[in-house]
Each structure stands twice: as C-alpha cells, then as structure tokens.
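Both of the next two complexes hold subunit A, though its partner changes from subunit B to subunit C.
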Partner chain A sequence: MSELETAAHPEQLCRVAIDPLSRVEGHGKVTLLVDRNHHIRQARLHIVEFRGFEKFIQGRPYWEVPVAVQRLCGICPVSHNLAAAKAVDQLIGVEQLPPAAEKIRRLMHYGQTLQSHAVHFFHLASPDFLFDFDNPIAQRNIGGVMADYPDIARQGVRLRKYGQEVIRITAGKRVHGTGTVPGGVNKALTLQERNYLLTDLELMTQWGRHILKLMKKAYEANPGYFTRFAAIPSNYLSLVRADGALDLYHGGLRTKNDQGDLLFDHLDYRRYSQVIREQVKSWSYMKFPFINSLGPEKGWYRVGPLARINNCDFIPTPVAEEERREFMALNNGQPIHATLAYHWARMIELLYATEAIRELLLDPDIFGDELVTRGEMTREGIGVIEAPRGTLFHHYRIDEDGLIEKANLIVSTTNNNQAMNESIRQVAENYLDGKELTEPLLNQIEVAVRAYDPCLSCATHALGQMPLIVELVEEDSGVMIDCLVRDANGKVRESFVEF
Partner chain B sequence: MSDEQSFTLDGRRIPFQNGQTVMQAALEAGVYIPHLCFNPEFTPHGSCRVCLVKVNNRMQAACTTPAADGQTVQSETEELREIRRGILQMLFVEGNHVCPACEKSGACQLQAVAYYTGMLAPHFKHFYPRRPVDASHPEAVIDFNRCILCELCVRASRDVDGKNIFAVEGRGIQAHLVVNTPSGQLGATGFSLHDKAAQVCPTGSILTKHRGYDIPIGQRLYDRKPINVVGDVAQLPDRQGGRRHD
Partner chain C sequence: MIEPRLKIATCSLAGCFGCHMSLLDLDERLFDLAERVELDRSPLTDIKELGECDVGLIEGGVCNAENVHVLMEFRARCKILVAIGACALNGGVPAMRNQYDLKECLEESYVRGMGLVNAQIPSDPEIPLLLNKVHPIHEVVKIDYSLPGCPPSADTIWTFINELLSGQAIVLSYRQIHYD
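This part shows the complex of A and B:
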C-alpha cells in the first residue's frame, strides 16, 4: 500500500479538498495534505454519504427485500434487486429457476449493464477523452460533448434509452421495477415486446463497435499515458461461468493476482465470508475488503469490467470475444493493470451486453409460462451478481417467521475502495507532486476515481458498525481545529490523531 | 314532478331511499366520494373523515349523514379537497408508509385516494413510529406501520367472522391496532386468509405471507384508471389486485 495513506506529521500541512467529486454517482471527496514545497504527503478518497439499508431492513419480511434494497441506487438498481432476489431464492429453497424466469432476469440484467455502462462512459467519462484537461471546466461535461460531438452524445443517450427499455419491459419500470419475485419473475415477454426490442438492437451493437474504435484511437494517441496513468498492479476478483466464460448473472468466484496466477477459482459464492474480510478505517464511511489469506496489506483487489475481462477465459459472444482478444494482447494475455483500461473493458462489456440481449430475445423460453418455483424454506441466503461496477454480495439471515434478522451487503464500489485510494495516490505522486495545484491538475485525481465508475451512494449502505467523524476546519487555512470521533462501539471521543 | 326523494351533489340530482346515507346514495348513483373507513358491507364508522362533505353548508362525514330530501351537498370543492389532502397527509406521516417498497403499491386504497385528491407530498413531519411486523402466523403478516385505524378488520372479524381477533387499544394519538390474545401475536389466533378480516384492509397492513409483487406494474388495480373509476380494493377479485385467497 502507498505511504500516502497517512501523513506522518499532518500539523503543518495544507489541506486541499476536491469536494464534491464531479461526474461520479453519489457524493465523495478527495483530500490532499500538501507541504510548503507542494509535495503531497497524504491523499485519501473519503465517502461522505450515509445510508442505512442493512439496518432498516431488519424486521422486514424477506420477500420485500429485493424491491426495498434496489433503492440503494438509481443507476444500477437492477443489480441490487437481482442480488437480493438470488438470496431470496435460496431462502425459499430454490436452487434452479425455471428457464423462462432465469432468462428474463438475465435479460433485465444485461439491459441494465448496457444502460449503466452507457451512462458512465458517455455522460460522465467521455469529456475526459474528448477534451484536454486544460479546456475550460464548463466544457468538460455532457453539455460540452453535446455541443462539440453531437453524434457521440446522441449515441450515448440512445444506448442508455435502449437499456432502460429492456428493463422497463422485464421489470415494469425503467427505474425501480418489480419484475422479480421469490423463485422467479412476475411476467414473461410478449411477441410484440420482443419484436420491439429487436428493432434497434443491431444499431446498438454497431455503436458499441464504433465506441471501441474511438477508445483504441485514444489509446494509440498516447499509449504511454494510457498504460501508466493511475496504473496499479493488483489482484482481481469476479464471477466466471463454470467453463471460464464471462457471465454477469451467475457463476463461481475467481481471483487472480497481479501476475495472472489463480488464487482461488470457481468458489461457491455462498462461501464468500471465508475468503473475504472487511477492514474499517476511521476516516471513511466505506469499508476496505480484502482477500483473507493475503491480509489487508496485500489482499486488496479490484472488481468491475477490468477485473472481469482480466479474469475470464473468453466471452461467449463472437464480436465481444474478438474485442477481448485484441484488448488482452496489449499485455500478451497477462492482466492489464492500467486504470484507464477500465473504460476500454467497460465498452467491451457494453458490446457484449448487446449480443447477450440478442441471444436472449431470440430464445423462445422468454415467452414461457412457468415463471415461479418454490422449495423448502431455509434461514440464510446469499446472492452474488456481477453488477456493472463489479461483484456485488447480498447476504441475509431470517428468523423463523421470515423476517430479516441480519443483512450484509458488500457492494461493487466498496470492493474497489483500496484500489481507488491507491490510484489517486499514484496520480498524486506522479502528476501533482511538487507542482502548484491547479484545477486541471486536480481533475486528474477525479479522472482516476472516475475510471472505476464508483457508485458512492451504493457503497455507503451500512449503519451502526462504522465510525463517524465530525471535523471542525478553519475556513481559510484548512487547519483542523477540532475533531469528534464516534467509534464503532458507539462511544464518542475527541481526537486529533487520525488527521 | 317525481315523488322520488333526492338531494343534489355538486349540482347533480342524486335519488335515494329512506335510510340511506349520502355516501350510499352517491355510490349507488355512480358518484364517487373519497373514503377509507367506509365499506358498504359494514355499519358506517365515520372515523377517517376523508369523506367529509358540506351538507347544507355544514361539514359532515358523507358515510354517516342520512340523506334527506332537498339537501344541497358539496364534495368536489377546492376547500374540501384541501381538507382531505390534509387528513391524508396526517395519515401518511403518522405511520410508516413507504410506497416505493410496499407490495401493495399500485393496488392500495390509501395511495389511490391520495392520488385522487391530488396529494403529492406528505407535507408534515414524519412521526417514524417503531412498530414491529407481526409475522407469527403461518399464512399472514400484519404490518402495523401501515395501519390507519379504519377498524375494518376489527369490524369484519367481530361481525362477519365471529372471531373478534382485532381491537384498537389506547386513545387519541396513542390509539393503535392490537391482536386480541394474551401474547398479542396473530399466530396465537384462529385467523385465516379466508376470513373477511383478511380481505378488507384498504392499505398494506394485512398481507399474505411468502409472496408479494405478483402482479406486474401496469396491470395493478390502479395502474391505469383512478379509484373513482375502479372502486375499492375490498370489492374486487384477486386477479385484479384485490384481496388474495390462497
């Protein structure tokens, strides 16, 4: 881990805050502690939101949970809905859904992957590729993209809209639908709905290929920068299908180390708590997960598109597989550690989502009428899914009456917490250190965070276990005057130690 | 001139028979007056006050006011709508009505009446009461968070089922629904999903266990047409989002 996590002597340092981080979902901030010679002594990504889902679903009926917890997020609610639904399937003793139900859920999920990846790349991240860092800040947003690159902006809007339509038809609503029920789904597709979705699909695939061409151009323009910016060797974690294929809905857990060696493979995700632990740090609401056998120092890992493409053996659709091969050739098949490569991997997945949607739409099972199944009740359910931002864990325990007794959620962005911190420290060291800080320079920190597509709203779902810190900081100097800390045990103390 | 007795409701002539209330006559004539604690199968209660109308310029609950020949009744005025919205807003903040996660959303009478009256936000400060869900019964759960004290379950269980399972305890702001057993648990009663009491709740308080969200969005009771066209939850069969029978 970088030495920039905690400054040895914070007393005389100047504090610079990027608050709020822009063009990410949710609210977060980055703080830098800088000495008189502009050397960076500390860099931290703080998550400043406070949610509470794990706590307030306690005592609620289990069948309500998938619909309730999807409110964690407005961008990827389907992921939370499906991860919880998979856990609920286990609670009612269902190992295998009827084919129609599983395929409709998959369709919903790939629709969401498409729209979420589109909104991130086009609406949030594309200004970083299309404009120079020195361009006016007023231009570096989706409005600027619409003005200068209207075709690209339009593609982004239409791709997102298409994904939202897939969700609407499978879940009833574009955002926060109710398509999943315990043991299945509540509706199949009609022929009319299927034909409607097929209408624009080919265009979506074409646009997916087009955006990958742009991505490659951006890489070729400056491969050194692309490869080195915020790059950090790390472990990678994702689900893979039994045959090693990329699968965003279901599979076993696979982790690789920075050399590409397998740490564990095809692990039943219901055993996640044996291999993953979470560390709490006093300065962030977001926990820091790590691979138990490696410990917190070396065991942190990355999830999301880059991890999935690095981890899988192949993509089961032809066009996306071709793109994967080209991508992996960048490092001769070894894991790619470039943080900006997240964008590239994300667009490969966007393309894959369009192909996966086509396969599902052409599958007659989606018209099936066996939509729900049931088994014997159990008391514990664990659902894991590859959300757009990475591996998402939902774990529930119910009492004998079927009310939620305990919930544990490890959301995608939380998995990337240490990695995002490492990336901003790398950027701070390599691009900011020793320079007078300007807005374009600080934006580079945001570019590093943005590559992960963090969803900070999702990542701060817990309540009760985390420390709370209230800091009183002098407005002009940024010097902290007072600091109150509420520890995990609920005790409040005054502290100058951590900052 | 007809011998038929009638009153006017918002300028429209409403015929009635002796013994009918303003509400009964209006509904029979196909004119909707918003209501929650009223159900034509039970003795009017007059407690929710949502059916407040002006009878000869005086505020009255339509469900308990006898119809009289020549009365002038006003219902759809902005003044009355404002009062109804206020009453509904108080009901929403007094309990925990989380429509976004509630399985009754789209087929809930409280939500439908709120939409009908134009209530768009709760306005008042939420009470956020702590009311545990009773899931002790093998077939049903009671979510006390959503109870609006209409007492329809109390009346149905006592008058139709002959079980007297529910009661309201406490007074004023302390009033709350209880289960009439020493343990206070529904599981200790002879409650059944086939009871009338299981079919009359206008909110999501009494629910079938182990299932929810069965009806897709777009096909739920009030998804396409408002409550003044569709009618009350309790009067409609299962397939339309009314009460379910397993």
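This part shows the complex of A and C:
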C-alpha cells in the first residue's frame, strides 16, 4: 500500500480537493494534502455516499428485493436486478432455471454490458482520448465529441441505444425494468422482437471492432505513457465459467496475483464470505474489501473488465477472442497492470457482448414458454454476477414469513476501492509531485479514477459547488501565505478567500 | 440570425443516475438537442461550478447537508428549476430509510455487517453530514415543474424540453406520465 494514504502531519499541509469528480457515474471527490514545496503527502478518493439499503430492505418480502435494489444504480440496474434475482432463486430453492429463462436473463445482461460500456467510454471517457489534457474544459465532454468527432459520437450513441433496446425488450423498460421474477422471467421474446434486434447487430459488431482499432492507435502513439500511467501491480478477481471462459452471468470465483498465479479458482461464490473481508476506514463510506488469507495490506484486488480479461483463459466468441489474444500479447500472456488498459479491455467486452447477443438471438430457446420454475424454500440466498464494473455480490437471509432479515451487498466499485486509491497516489507521485498544481494536472487524477468506470451513483452524493482552492499555509503560524483558486472555466488565479 | 443556445445544468442528488440515463436515452435526438442547448455544470461535463442558467434539472432527493447546498445554489442560478423522477418528487427509494433512525442504518452497514474488519461508523471532515431523513426537493426550494417516473421516459423528457424551449404550454400525453 502506498505511503500516501495518511500524512504524518496533516495539520501543516494545504488541502486540494477535486470535487466533484466529473464524467463518472455518481459523485465522489479526491483530496490531496500538499506541502509548501508542492510535494504531495496524502491522496485519498472519498466516497461520500450512504443510502442504508442493508437496513431498510429488512422486513420487505423477498420477491420485492430485485426491483427495489436495482434503484441502487440507474446505469447498471440490470446487474443489481439479476444479482438479487439469482439470490432469490436460491431462496425459493431453484438451482437451475429453465433454458428460456436463463437465456433471456443472459440477453438482458449482455444488453446491459453493451450499453454501460458504451456510455462509459463514449459519453464520459472518450474526451480523455480524443482531446489533450489541457484542452478547454468546455470541449472535454460528449458535446465536444459530437462537434469534433461526430462519427465516433454517433456510433457511441447508437451502441448505447442498441444495448438499451435489448434491455427494453427483455425487461420491459430501459431503466429499472421488471423482467425477472423468482425462478425465472416473465416474458419470452417474440419473433418480431428478435428480428428487430437482429437488424442492426452486425453494425454494432463492426463498430466494436472499429473502436478497438482507435484504441490500439492511441496505445501505439504513446505506449510508454499508456503502460505506466496510474499502473499498479495487483491481484485480480472475477467469475469464470467452468472451462475457464469469460462469462459475465455465471461461474466460479477466480483470483490471480500480480504474477498471474492462481490464488483460488472455481470457488463456489456462495462461499465468498470465507475468502473476502471488508475493512472500514473512517474517511470513506465505501468499504475496502480484501482477500482474507492475504490480509488488508496485500490482499486488495481489482475487478472489472481488466480483471476479467486478465483472469479468463479465453473468450467464447471468435472476434473478441482474437482481440483478447492481441491484448494479452502486450505482456506475453501475463496480467496487464496498466490502468488505462481498463478502457481497452472494456471495449473487447463490448465487442464480446455484441457477439454473445447474436448467439442468444439465434437460439430458439428464447422463444420458449417454460419461463419459471420453483423448488423448496430456503432461508439464505447469495447471487453473484459480473456487472459491467466487476464482481457484484448480493446476499440475503429471510425469516419464516419470507421477509428479509439480513442483507449484505458488495457492489462492483467497492471492490476497486483500494485500487483506485493506489492509482491516484501513483499519479500524484509521478505526475503531480513537486509541481505547481494546475487544472490539466488535476484532470490527470480524474483520468485515473475514470479508467475504473466507478459507479458511485448507487448512493449519489453531490458536494461540489466549490471551485478548486489551493492554499499555502505557513507551517508554524498557520497563516495563509498564498492561495490559488481554479474557477469553473478552468482558469487558475491567485486569490485570498475564505476557505 | 442564430439564436443563442439556452443553458441547461443538471445534477443528481440522492438518486441513482437513472434519470440522467433517461436523458441519454434521447439517443440520436441528443444531436438536435446539442444544437439548441448548451450544458453547464452536469455530471456529463467537467464544469464544476454552476454558472447562470436558464434551466436546471434535478434528479434525486436530499439526504445530506451538501445536497441542500447544491440544491439551493441551483435554485439561485437557474431561472427554471425542474424536479425529475421519483426521488426528487417524493424521496423515492432512498427515503425508505426514513422509517429507521439514521444511527441504526449506519450501524447495520458499518458495525453489524458481515465480514467486517475495523468496524466503525465513518466519520471525517471530508464526509458530509447526513440528514436524519431523506426529503423531496420541494421541501427545500421552490420547484417550477415536476416530471414523475422512475425514471421519466426519454419521450417525456423530450416533450418537456421541446415545448419549454418553444415557449408553449407543456402538455404531456397520458402515456408520458407514469410513476413507475
């Protein structure tokens, strides 16, 4: 763990806040403590969200849970809905869904992955690739991309739309749908719906390949930067299918260490509590999970697209598999630790999602009429899924009346908490330390956080009307000797203001 | 003569971002929108300080002190303030915590939770103070329009923005008003 987590003498340092983090889903902030020589002594990513789902879901009937908990997040509601639905399947004693039900849920999930990856890359992060760090703030957003790169923007908008349409048709509604029911789904596809979704699908795959070409170009333009920026060696955790394939809907837990050695493999995810613990730190509402056997110092890990591509043995669709091989060749098959590689891995998964959707749409099972099954009620259910941002755990216990007694959620972004903190500290040390902090430099911190596609919105917090303020305070007297303010337009001016 | 584009700011308070997703669900219509409006502070831009705006769209209710500050600032700087979605209108799912004490909710997550190490309730000057209850935004500031739904559909948002921009009375069809 980096030494920048906690400064020895915070009272003698100036506070710099990047607040709110922008172009991420939800709200968070980064604070830096800097000494008078511009050396950074502390860097923290704070998640200032708190909702209390674990408490207020208590006493609700189990069948209500998937629809309620998806309101944790409007960007990946399907993931929460499905993780909860998988837990509820166990509560009603269902081990295996009918083929139609499982395939429709998978279709919903791959539609979700496609739209979520598209919104993150095109609508939020693409300005980091298409524009320079010091470009005007007004340009660094999807509007700027629409104006300067209309083709790319249009592809992003259409890719996301396609994913949302898959969700609408399988779940009834684009955001917060109601397609799943305990033990299955409430609707199969009609032939007409299937044909509608097939219409544009080939184009989506083509665009997926196209964006990967752009990604590789960006890498080739500056491989050193791409490889080193915010890079941290880490452990990786994800689900994999029984044969080692990438699978976003179901599988066993696999972890690899930074050398690529397996720590555990094909672990039944219902035993997650034996291998994962969560540390609480006073300065963040987001907990810090770690692999129990390694302890909090060494046991933190990364999840999400990079972890999944590093962990899996292969991708079960041909075009994405070709891309995976090319990607993994960057480090001779060993895990890739570059944080910017998250974007690349994410686009490989976007491509994979288009192929997985095609396979499902061409499978006659999706027209099936056996949509629900039931078994013997049990009292505990654990559902785990690979959400767009990583492994998502939902765990519920019910009482004899079927009311929730206890709930535990580890959301995807929480798994990346320590890693995001390590990444911003790496950027602070390598790119900011000793320099006068300017808006473009601070933007680099955000670029590092953004690579993880953090979904802080499960419990949004908005702090942010403050412009960025940097103060220099005399060490002994505590008197402010200088103060810089970054205005909304990005201009940095010297000013003495009340802090 | 090209008319100046209207300035719109958006923010998500105690919400899930689903209403912002519905805004993005305008799909290709986003290109038309971009010609007529300019985004000021929003999770979609890097503008961190709110400027003077014509319209402010607020997603989410109010659950902590910072939400209150942001909301009041939006009210002060936006000529028209719009509550979007269930949470802004009536607190929504986050307001389900109102049946419990805040302390109970915090303890459930950080003290009594499963598999915890260093169990403690987070407390730091960088973490904003939570309010005892989650409130709809009309309890804090005056709201000019409310769009219900969890979230309101993109069509609803489109009709609303279109008619607002063209200065017409806003008429939403039956299908465009729903509460789920």
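FYI, the second predicted complex is superposed on the first by the 458 of 499 C-alpha atoms of A that agree within 3 Å, B and C clash if a C-alpha of one lies under 4 Å from a C-alpha of the other, contacts with A are read in each partner's own complex, and residues count from 1 in each chain.
The criterion applied here is as follows: a residue touches a chain if its C-beta (ideal position, glycine included) is under 8 Å from a C-beta of that chain, and two chains touch if they have at least 3 such contacts.
All values reported here derive from a predicted model rather than from experimental measurement.
Contacts of A:264 after superposition: neither subunit B nor subunit C is touched. Considering which of subunit B and subunit C touches more of subunit A, the answer is C. In the superposed pair of complexes, A:27 makes contact with subunit C only, with no contact to subunit B. Look at A:61: by the touch rule set out above, it reaches subunit B but stays clear of subunit C.
Applying the stated contact rule after C-alpha superposition, one finds that A:71 touches each of subunit B and subunit C. In the superposition on chain A, A:176 makes contact with both subunit B and subunit C. Look at A:157: by the touch rule set out above, it reaches subunit C but stays clear of subunit B. In the superposed model, A:367 makes contact with neither subunit B nor subunit C. Using the contact criterion defined above for the overlaid structures, shared-chain residue A:284 touches subunit C, although it does not reach subunit B. Looking at subunit A, you'll find residues 68, 71, 173, 176 touch subunit B in one structure and subunit C in the other. Every residue of subunit A that touches subunit B in the complex is listed here, in rising order: 59-61, 63-64, 67-68, 71, 92, 171-173, 176-182, 186-187, 401-403. Residue ranges of subunit B in contact with subunit A, taken from their complex: 98, 100-103, 132-133, 135-136, 141, 143, 187, 207, 209-218. Interface of subunit A with subunit C (complex): residues 19-20, 22-27, 29, 31, 44, 46, 48, 50-52, 54-58, 68, 71-75, 77, 119, 123-124, 137-138, 140-143, 146-147, 150, 153-154, 157-158, 160-161, 164, 173-176, 273, 276-285, 287, 296, 395, 406, 408, 443, 446, 457-468, 487-488, 490. Residues 11-22, 24-25, 27-28, 30-31, 34, 38-39, 41, 43-51, 60, 63-64, 66-67, 69-70, 73, 92-94, 96-97, 99-100, 102, 104-106, 108-110, 113-120, 122-124, 126-128, 130, 150-151, 153-154, 180 of subunit C are the ones touching subunit A in the complex.
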